[in-house]
Amino acid sequence: MIVYESNRFWVKDMVNFTRSYTMKKIIFGVLLIGSYTGLVCFVYEFYGLESNLHSGIYSLLGVILSILLVFRTNTAYDRWWEGRKQWGALVNNCRNYAIMVESLLPANDKDTRRFFAKHIANFCIALRDHLRDGVKTDALLLLSDEEISELTPKKHKPNHISLWLYKKMTALQKAGVLSEADAINMKIHHNSLLDILGACERIRKTPIPFSYAVHIKLFITVYGIMLPFGMIADFGYHTIGLVMVIFFALLGLELMAEEVEEPFGVDCNDLPTGDIAHNIKNNVFEILMDERPVQEEAKRELYEKIH
Amino acid sequence: MIVYESNRFWVKDMVNFTRSYTMKKIIFGVLLIGSYTGLVCFVYEFYGLESNLHSGIYSLLGVILSILLVFRTNTAYDRWWEGRKQWGALVNNCRNYAIMVESLLPANDKDTRRFFAKHIANFCIALRDHLRDGVKTDALLLLSDEEISELTPKKHKPNHISLWLYKKMTALQKAGVLSEADAINMKIHHNSLLDILGACERIRKTPIPFSYAVHIKLFITVYGIMLPFGMIADFGYHTIGLVMVIFFALLGLELMAEEVEEPFGVDCNDLPTGDIAHNIKNNVFEILMDERPVQEEAKRELYEKIH
Amino acid sequence: MIVYESNRFWVKDMVNFTRSYTMKKIIFGVLLIGSYTGLVCFVYEFYGLESNLHSGIYSLLGVILSILLVFRTNTAYDRWWEGRKQWGALVNNCRNYAIMVESLLPANDKDTRRFFAKHIANFCIALRDHLRDGVKTDALLLLSDEEISELTPKKHKPNHISLWLYKKMTALQKAGVLSEADAINMKIHHNSLLDILGACERIRKTPIPFSYAVHIKLFITVYGIMLPFGMIADFGYHTIGLVMVIFFALLGLELMAEEVEEPFGVDCNDLPTGDIAHNIKNNVFEILMDERPVQEEAKRELYEKIH
Amino acid sequence: MIVYESNRFWVKDMVNFTRSYTMKKIIFGVLLIGSYTGLVCFVYEFYGLESNLHSGIYSLLGVILSILLVFRTNTAYDRWWEGRKQWGALVNNCRNYAIMVESLLPANDKDTRRFFAKHIANFCIALRDHLRDGVKTDALLLLSDEEISELTPKKHKPNHISLWLYKKMTALQKAGVLSEADAINMKIHHNSLLDILGACERIRKTPIPFSYAVHIKLFITVYGIMLPFGMIADFGYHTIGLVMVIFFALLGLELMAEEVEEPFGVDCNDLPTGDIAHNIKNNVFEILMDERPVQEEAKRELYEKIH
Amino acid sequence: MIVYESNRFWVKDMVNFTRSYTMKKIIFGVLLIGSYTGLVCFVYEFYGLESNLHSGIYSLLGVILSILLVFRTNTAYDRWWEGRKQWGALVNNCRNYAIMVESLLPANDKDTRRFFAKHIANFCIALRDHLRDGVKTDALLLLSDEEISELTPKKHKPNHISLWLYKKMTALQKAGVLSEADAINMKIHHNSLLDILGACERIRKTPIPFSYAVHIKLFITVYGIMLPFGMIADFGYHTIGLVMVIFFALLGLELMAEEVEEPFGVDCNDLPTGDIAHNIKNNVFEILMDERPVQEEAKRELYEKIH
């Protein structure tokens, strides 16, 4: 995610468009279509060709395309926002979990507190990596050697961390530390962990249906190839600029949708899942261990990119 | 589902459009209208006919049609995405269920663990087939002979598997293995199984109302028949290409909507329910039996089709 | 509901449009406006009148109207789909309820099982009729004479069936057959029954606000009256066909919205609530009484209408 | 709310448009703009003025405005419909509550039953008035003198009725009449009462942001002032009719949105909260007191207005 | 938030547009583009330049832009409304919480009541400030010195207040004042506090993706720069007024979206979180302490701004 303030700095935001990789791709696509249009114009001019196409019908196609692209944008943005909601829910859930553990355990049981603090934080870190390129045990916090050797062969590591937490809770329940009501209350947080995980997996693994993806790409491509011919009769060399602006709008919608559709990577519009996992860790340790976090929360620069 | 990466390979995606059966149907429809338009153009040219229709009014009709088709697309896509959400919820639910069972049972009770692992997995497999062409008992895992003879006459097999699971839980509760709180907690997962089943049945059995389906088909057909006459005066033989592009956009929306509306089959845009059921099986067996899955997860090729 | 397969039989679907009563109304309206337009054309032609109106401004009005009608369609369809969801939830709920009862009761208590099977099914049947023209006790199943005489004077019969179920559960709880946890778990299903009932009542009793209904009808009527005058200068006798196509699109959206807005009747686009209630009955009896249903599930014909 | 049947009586609905106060306001606004346009036309005609504005650009503005107004309509309608859902939920909740109380109390405890029947009904009546012009204790049912004197000084009366209900339940729980499970089950209904209240307060107190309200009003006003000038060159005196139709569409959307946005009053499109509260009272008394309601449910006339 | 009544005072609302800071920004932007357009017109006129651009293509761009801006508006408004819903849920939750505490505690335990009243109110106040510029302990109510010294070093203060509440509840549960069922019921309210907090943090910290923000700003800017050239041939000096109206519509949507997107500040369209927190305090103290609030609820002036 790129840090910015949406309702200030109109010009400064625009000037910093290069911070967004996708904006660079869009600009590149726009320059490409501009060159192509320039070539077409030149050829028409040079050979004195005439076109009997006019811009009316392109308006119809443009409107259809933009309606379609807003559908595309809506669904992609919904995934992005749902991803953000899931990570927001993870924050809430981990805080509530930690507060429950802190309140219910006997005041002097530091070890169990550490166990929960450690593994709640580890679940979040594992989730971040599970949604990127796979969990590596050395990214996790404070694992004992036997924990590492137990976790390493598992194919689905976040599942196993969740299992550890659940087993610990069951043991506390059987030992009488937690009452029946506590077990019911705490269960909700266990469930949430895997529900959030599953929702993120779903978003990550399921882009829009292939037919839609191809349909939109074909439509944009054909529209782009045809567009200059329809405008050259009316606008001459101005066609170049107009085609570029139209393409900026339409191609931009498609490329941005492609990016935000899968929001758990490290692209510049992706969610700062690493940052959120880090905050959860700090919150949980503050609640359970009363520890000041070792790494201070960094001050964010404007237009800084955070993962 | 066809495997692809939405924000790379623009050209490669387009070139592989034939992987999508629906795209082939769209292209076929577009060629059909193209031939028809060619015929009309030829007749006009040959007999020197004049048309006093012009393209303005077709723009209005085109805009109305595209607004209508986006409504169509939205509702169809919502079903597809809701179907995906339900199967995602099934994944979460089965994992949580397995973790609960693993934590709450006595460590040495392998049989009950096997029972739950087997029937949770079977429920998912049965659901997959129930939504396709009916459950066959030999697709299910590790059923004993008496289970087969009990299940075979049942009309609604997933119901019965759910009943088995519930009865086993009740027995454990009565035997004192599960506490009251555990019964409350575990009940949630039982409920979810049938809730997910019911939601998928609903999506599968209820397409959009018949009137809407007919209305849209009639509208597209009439629009297609009229379109060449309205453009021929303005565009001559270029009409053929333009009509094809407009039709590609509009017909494509309708045909893709028809396909994704019922997402549990084995079409190329359908959800990979078989694949998801397979993953659930692996997850559940890893948690409950600590078994490495027999079938390794296959590496997916780009543009491979998975069911 | 009319049975059809949305992604096959394009032409067959169109040919069977008469199965839909609403499509017949639309066609009737379209013919009406066509005759009117024909009359106007004839008068203009006959008296050699000239119109200085042209079709541009009608495009604007047409676009506004279609945007408005899609809003109309969305809200109407949402009610229809929510109605379907509620009945889907009823299916899930009744199955889960039956499975709970089956598992928790002592194996030999046939009477209580019959009680629940009977009244769960009766609730669904009563709901179907409550949303149509009122519950008649002789449509209900297996009621004893005293039950009939108790139920008959009640104004709100589904409420009372729900009360019977709840009272039976409370009695079982007090008798110690059901534990506290069971009472909590089973309560959810009782609540759902009335929640679903209430949601269906809400959909049935509250159409869109009167002002919207009148606004749209006035707008369509005025637009229809004005339309021929605006097109006659440009299109001559072709106006008749064009006006009919435009009206088919716009009037169709309104009339279909009016129909699906209240989806619990026996119109051809209404939900097959009778059919669903019948399925629930079969499912519940299979689970609780292990009875093969007396009436076999009928094989559905294509384009058959089911209530 | 005005009683009508949306899919019958097309003409009769239109003729009765005066039942809707908002429709009258719209017609008034349309006549105003019509007179203004007439004046402009007359002045142009009289002085032989020419306008170089044409209707194209007004189409763009009209489309933008209508897109904006549909956004406006959607958000306003969503509030209206959410309000309706909340009151629907209130119905469900009160019925379920009454059924719980009826089943769990000892059969001969008439007093407690009367207490619950009275105060559940009172809560609904108080809610209705709280959302209009404040709760008056004499609108409530069967209050004892001490209840009146306790309630009168409270600023937030529905809160206090909810407190009474909760205290009674707690007392029953402590007296052993209600078990722990019953307390958990019944709590849900208590929560719902205040959740519904809060949601209605939210809808009532928060119209769309002031900037949006002003933006739309300014835009419509400026558009209305400019519109005649842009059409007079093309349409002459026909401008008057066309401007009126366009304004009918656009102004209507805004004025209807303003009305349904706050749906708890006694306007003709507002929800019949009084009627719903009355029905809840009847339902609850039927369940708990087996009393035939004193006031029979009135037969509704078509186009009757109910609050 | 600015107090107004949306369905009265059309003219008065418009006249008071200056109450909205954003409206002033919009007007400023509109005047800027107006001056620029005037300059362009003057230059064209002065040098007798001709433009071969016409307004058709600008219509297409305008429609695309407005579709895009409605997407923008929808997502921004959704955040605003979700923020309002969260604060509404906070109101419900705190009232229910207070009612529970009031009913369950022994009648004479004033201290615990005061504890809950104080800290429920403090949570809301802390939340308000946490979403603005950070919590200051001296804004909180009735904190003892040791509470201040405990709270001050915490990085996340609302978390800690929630922890206090939870610990108090756990102590009451262990002391036998609250039963198991009470613990389950009360837990829901604790969870809600942090869930609401987390949802508000999410809205505050995550504006729409940077690429979208830049894309829209670039598009509006380029469109604004090009617009005069396309209209000058058709409209001459009237271009100035038309460009200003178009810009008013489009720029307005963007600027208002930017403002409402982050609704927890003290801007004029922001939610009155301070006011809501104040009301919660009054409600909670009325329920738990039977105290008349010290500060009377102020009578709101029309167009008054409340935070």
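The letters A, B, C, D and E name the chains in turn, as written, and every chain counts its residues from 1.
Note that in this section contacts are C-beta pairs under 8 Å (C-beta built on N, C-alpha and C of every residue); 3 or more make two chains touch, one makes a residue touch a chain.
Because the structure is predicted, anything quoted here is derived from the model rather than measured.
Visitor: Does the complex stay in one piece without subunit C, or which separate groups appear?
Guide: When subunit C drops out of the picture, the chain contacts still join everything into one piece.
Visitor: At the subunit A/subunit B interface, shared numbers over all numbers used: above half (same) or below half (different)?
Guide: Mostly different residues: under half of the interface numbers shared.
Visitor: Where the CA atoms of subunit A average out and where those of subunit E average out, how many Å apart are those spots?
Guide: 24
Visitor: Between subunit C and subunit E, what's the gap in Å when you average each chain's C-alpha atoms?
Guide: 39
Visitor: Hunt down the residues of subunit A that sit against at least two other chains at once, touch-wise.
Guide: 56, 59, 63, 67, 180-181, 184, 259
Visitor: Based on the touch definition given at the start, go ahead and assign the chain network to line, ring, star, complete or other.
Guide: ring
Visitor: Which residues of subunit D touch subunit C in the complex?
Guide: Per the touch definition, subunit D meets subunit C at residues 1-2, 4-7, 10, 13-14, 16-17, 19-20, 22-23, 26, 55-56, 58-59, 62-63, 66-67, 70, 73-74, 77, 80-81, 84-85, 88-89, 91-92, 95-96, 99-100, 102-104, 179-182, 184-185, 188, 231, 234-236, 238, 241-242, 245-246, 248-250, 252-253, 256, 259-260, 268-269, 271, 282-283, 286-287, 293, 297.
Visitor: Show me the residue ranges of subunit C that touch subunit D in the complex, using the header's touch definition.
Guide: Touch list, subunit C to subunit D: 52-54, 56-57, 59-61, 63-65, 67-68, 71, 75, 154-156, 159-160, 162-163, 166-167, 169-170, 173, 180-181, 183-184, 187, 190-191, 194-195, 197-199, 201-202, 206-215, 217-219, 221-223, 226, 255, 258-259, 261-262.
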